[in-house]
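Each chain gets a letter, A, B, C and D, in the order it is written, and its residues are counted from 1.
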Amino acid sequence: MSIADSPVLDFAGSPINKALSADDKIELYRKMVRIRSFEQAALKYYNAGKMGGFLHLYIGQESVAVGTLSLCGPNDHNITAYRCHGHALAVGMSMNECMAELYGKATGCSKGKGGSMHFFAPDKNYWGGHGIVAGQTPLGLGLAYGLKYKGLEGAALCYMGDGAVNQGAYHESLNIAALFDLPVIYVIENNGYSMGTSQKRSSSFRGCLAQRAEGYDMDWDVVNGSDLYEVRAKTHIALERARKQHKPTILEINTYRYYGHSIADANHKKYRTPEEIENYKKNHDPIHLWENRLLAEGVLTAEKVTEIKNAAKQEAAASVEFAEKSPAPAVESIMTDVYWETDNNTPASAIGRHFFTD
Amino acid sequence: MSRILTYREALREGLDEELARDENVVLMGEEVAQYNGAYKVTEGLWAKWGDKRVVDTPISEAGFIGMGIGASMLGVRPVMELMFWSFHSVAFDQLVNNAACVRYMSGGLINVPIVMRGPANGGNNVGATHCHVPEALFASFPGLKVCAPATPADAKGLIKTAIRDNDPVYVMENVLLYGTTGEVPDPAAGDHLVPLGKADLKRQGSDVSLIAHGRSVLHCLAAAETLQQEHGISAEVLDLRSIRPLDVDAILATVRKTNRVVLVDESKGFGGVSAMVSHLIQDEAFDYLDAPIKRVTTLDAPAIYSPFIEPDQLPNPRRVVEKVLSLR
Amino acid sequence: MSRILTYREALREGLDEELARDENVVLMGEEVAQYNGAYKVTEGLWAKWGDKRVVDTPISEAGFIGMGIGASMLGVRPVMELMFWSFHSVAFDQLVNNAACVRYMSGGLINVPIVMRGPANGGNNVGATHCHVPEALFASFPGLKVCAPATPADAKGLIKTAIRDNDPVYVMENVLLYGTTGEVPDPAAGDHLVPLGKADLKRQGSDVSLIAHGRSVLHCLAAAETLQQEHGISAEVLDLRSIRPLDVDAILATVRKTNRVVLVDESKGFGGVSAMVSHLIQDEAFDYLDAPIKRVTTLDAPAIYSPFIEPDQLPNPRRVVEKVLSLR
Amino acid sequence: MSIADSPVLDFAGSPINKALSADDKIELYRKMVRIRSFEQAALKYYNAGKMGGFLHLYIGQESVAVGTLSLCGPNDHNITAYRCHGHALAVGMSMNECMAELYGKATGCSKGKGGSMHFFAPDKNYWGGHGIVAGQTPLGLGLAYGLKYKGLEGAALCYMGDGAVNQGAYHESLNIAALFDLPVIYVIENNGYSMGTSQKRSSSFRGCLAQRAEGYDMDWDVVNGSDLYEVRAKTHIALERARKQHKPTILEINTYRYYGHSIADANHKKYRTPEEIENYKKNHDPIHLWENRLLAEGVLTAEKVTEIKNAAKQEAAASVEFAEKSPAPAVESIMTDVYWETDNNTPASAIGRHFFTD
């Protein structure tokens, strides 16, 4: 959360960024804009009572998912916590299946079973979407273990919040990652707060949260999340370390969320000042900064910006329509997707009673 | 001498009174202080009682619950909130070993006067990991006590009793009850305490006994109304309130009176409080049963998110009525 | 074509065969490799299969079990040892949320083919924190499967089936059974698999049904012998073997035959597998019951250390006989 | 476990050690000798089948409990894991109650309910004796919390093994200790092994295990456990930091166990060489070194040594006799000490059913 203090470095010249074509850069822009549009639509219809439960918006943090995941190849896997919409769209999930999931419709990515916190797309190497703080951190380790076990050159990106670093499961995972040389990258998306608790009220640390890596003899870095070039440049190094050396890394990416912890969080202007929020919006917004950068580079034009924004809005609106029109899940669907064996009607599933509803 | 309070206000009043009564009482948990609680149960208490008595913790359930247990051995009386009871899963060892067994393993030299509280329920679309209802799970560990109030008055009375009890007491609240209202005795009339181990007959009846706890009690009361109005069936509703200790006498009394039982329990079908109560009834009132004991439980799958069908996964008045009508 | 093996050897043979059959099978746990296992179940397997297939982990149950779950999502098939099943308490979230709910929350996109195994029992004087018997606890979570073999043949057959099953299967072994012996089919005669969900009638009888799992089955067999010899009572012994899925048909069949039931269960009295089975029986075989269903459970306190009286806290043949004799 | 590499420093001149009278020094010696004698007797009768369950011997590590606990005053509390006999005797528990507990007799410190892993003496500020690895670490934090809450100037010493550092609960405790400024000292008794696993096979770390403290902005130190002067000098600093500043510390005390993990561990000569064990016994034994030191200082004489050793052996033998002659607990005692309210027959205990044995 010390974005303001970071020295201004320019990562545009890093090889991984120099390799980007103009189209690639525009595509990164489009992805971030689409995430924001999707969530703005979600927010609107959540407030209209169309969804239940929580809605944890990613708005303000888009560069993290888009920047890091833009570097991923077919053997790179990823997993995150409940603030999972940005990653979902970044890996290529459609707005339709995501919006329908928020609505709790049968056409949702999880058939309406998971909701906002539980988007999954294993076909896109995206393993969710997890609601228990830091509960996904050993799973991310396991993805890395699986990659190494199968002899694949890949990495597992495991995202988490700044509040999650104080869960035991994360610590256990760090030690195993370093001890077993597993290709996992823990990405701390440090937005400065865990619900209403500022980082300094939840964690004791020296330097930064990522630096705890040293206690495990592990590499780490801190990243200015509002600069997409920096996110990519530093993540690339960690990815290569994972893929080629099977070595883990902690990356702490400083970022910010503009809305409350979840939309039910009406307190969010109490635990931080309106000025703080405004400052981020004005001076550190990752989409805005990337837009300016590409405009300056001559890669984007004002017309293109408008076109991309409009298209994203339309896509989001269409996904709302898709979700609205989709059928609710049937009550019977409550009882499927519990066991693989019963879902697949295997001989094993016919032996003994599996379900105990009176 | 009674006022109408919400369940949330009643809990808060109970906490506030106990903070005033005993300087060793300290509230702890994630966001309980400055944020006023994720569900606002502790609203205003930090402002009133300050940093020493109302404490925000990091997201480290094993750490802070274990800390509370350790402090309780020295005489502090921590009342700890799990933002959801479901998060017990990351602190399970502290909850079932350190809290439940230290007294025993020390041959009685130590006691652990802690209270754990927070919501334990499905029905608010938060999905499988956030909807566990662990009353039976914790009641199965000797050394622990468990209760689950259904009304504002019981919520206040039980939280106060829990805080004064010298054993670990796990209080299971319910997000969907926080806003419900009911009469709560005026503090001016004296301390309002509800003992652990005492069930409450929430409705008299003669044809069938509906036995439940927590929000399921409200389903039973609604179902009893329908049964009376539409089917002429007189249902008695027993609210267990406390799971351990358990008011077995009250359970047997209602069964002996009506000879027919439906247990309503938000647990999943395998186990739950209801399986235990069912076993007890057939064991101790076998000759009084005119029909098998039936249950209404949560459909036996992880909790679904979809707001369209989550209500169908849970016990609800319709399912209770249907079950009663199906009794032979 | 049968050999006499110990329960430990039978498990080991099953593990060894599955390591040979499927290169994705990997054994993990504390001291399972170089130390040959705290209870020597995995003895020799590291020497035979090497570092990749048999892996020692740090004392980080949440970490390595979660790791196994994550790896299983990619097709690895981890068979993980808890040195004692009691240590589930420090990995509970991984065991009941990530393993049990990921399939559901993803709408069926993911499966978690893990096996968790290790001893789950009292009786070897290791005290309250090391003696949990969590069969019912885990069986109450839909998404999980649970079994508890009582004999060497069942141990081998069930561990092999568990490994091939595409859902998480939790295998509850028993320190006090590791050294017991029994016939196990010769591998030359083909794969020896025991399906989940199939109980085994370990002794025929006509007067009373003793229903149990794990080591309690041996108590039932011993008690049945005494009942026959000394009291002329013919007891049938049904070994559940698998807790979830549960062979309800076999349970109802024996009850319909004998009309009298004693459930023997190492759980504590509140809950347990036996409370669930009791509820099922009275629900589905009400008219066949000539007497209330009785249970023999562990005395309802944390596990005591003292070797002088620990056997009295647990089910044992004497207590089973007495319970049968007390049936009216 | 890097005792051999430690530079040879002399802590005899530290004020806390200079303050020791000759009698004090002899008393420290006596305590260590008594612990060893007690455990040698326990080992003998365990092997004779007189006890059940585990027996985790402290032999080789005596200086840790004796050195650290010798500094404790009335407001200092302590708690440890299952290797708990040394601490028990060091705080002043009698051999009788301890031996009887191992025997599972009614006269045991825990009435035969706890066994070898669960000795307790709250009246001596000793809170056990805990079997779940690292499960006691949050309890130790809680003792510190209680002290601070009550405004007492004291510290909580929480002992643990080198294998316990990779449990999540410990990590959570460290963060809270530093964040809340709690007077807790985590003493890692590093005997180089967790069961059959050497430290380097269980932990990834930079420098040493205690150094992980830096990740929490916490103080730490490493101590040569075979030198009682050093143990006292360094622990004293941590204690003062806790008492006066409410600041936590991690102390890693290098030590060694001569026997297997527990007596059932027949493997212990496989995972470490006989030479390694011999080297410790010969060159690093804390009792032996202290004895030599006191002989050199002229505080001890050969006769006194013999007298102390004989007395300790006799005391241990007497405790065996006490245990042998003590009654077994009654079966009814299984059902007491579960709830305070039922034990004390309070009105509350009369309401509802508390116990559910069929």
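Note that a contact is a pair of C-beta atoms (placed from the backbone, for glycine too) under 8 Å apart; a residue touches a chain by one contact, two chains touch by 3 or more.
Quantities reported herein were computed from a predicted structural model and do not represent experimental measurements.
A.B. asks: Tell me, please, which chain's centre (mean of its C-alpha atoms) is farthest from the centre of subunit A?
C.D. replies: Relative to subunit A, the chain with the farthest C-alpha centre is D.
A.B. asks: Per the definition at the top, count C-beta pairs in contact and tell me whether A-C or A-B has more.
C.D. replies: Comparing A-C with A-B, the pair joined by more C-beta contacts is A-C.
A.B. asks: Measuring from the mean C-alpha position of subunit A to the mean C-alpha position of subunit C, what distance in angstrom results?
C.D. replies: About 40 Å, centre to centre.
A.B. asks: Roughly how many whole angstrom separate the Cα centroids of subunit A and subunit D?
C.D. replies: One centre to the other, that is 45 Å.
A.B. asks: Could you grab the centroid distance between subunit C and subunit D? Build each centroid from C-alpha atoms only and quote it in angstrom.
C.D. replies: Subunit C and subunit D have C-alpha centres separated by 36 Å.
A.B. asks: If a residue has to touch 2 or more other chains to count, which residues of subunit B qualify?
C.D. replies: As it turns out, subunit B has residues touching two or more other chains at 58, 60, 62-63, 89-90, 93, 97, 104-105, 127-129, 142-143, 244, 268, 270, 274, 276, 283, 294-295, 300-302, 304-305.
A.B. asks: For subunit D, which residues are shared contacts with two or more other chains?
C.D. replies: 110, 112-114, 118, 130, 132, 135, 166-169, 172, 175-176, 179, 201-203, 337-338, 355-356, 358
A.B. asks: Provide the residue numbers of subunit D that touch subunit C in the complex, in ascending order.
C.D. replies: Answer in residue numbers: 51-54, 104-105, 110, 112-115, 117-118, 130-135, 163-164, 166-169, 194-197, 201-203, 267, 271, 328-331, 333-335, 337-338, 355-358.
A.B. asks: Once bound in the complex, which stretches of subunit C touch subunit B?
C.D. replies: 88-90, 92-93, 96-97, 100-101, 104-105, 127-129, 132, 136-137, 139-143, 244, 267-268, 270-272, 274-276, 278-279, 282-284, 286, 289, 291-295, 300-302, 304-305
A.B. asks: Quick one: in the complex, what on subunit D touches subunit A?
C.D. replies: Spelled out, the residues of subunit D in touch with subunit A are 166-172, 175-176, 178-179, 201-206, 211-218.
A.B. asks: Which stretch or stretches of subunit D touch subunit B in the complex?
C.D. replies: 77, 79, 108-114, 118, 120-123, 127-130, 132, 135-147, 149-150, 156, 168-169, 172-173, 175-176, 179, 336-341, 343-344, 348, 351-356, 358
A.B. asks: Spell out the residues on subunit C that touch subunit A in their complex, using ranges where they run on.
C.D. replies: Residue list for subunit C touching subunit A: 24, 26, 52, 57-58, 60-76, 93-94, 97-98, 102-111, 113, 142-143, 145, 161, 165-167, 195-198, 242, 244-248, 276, 283.
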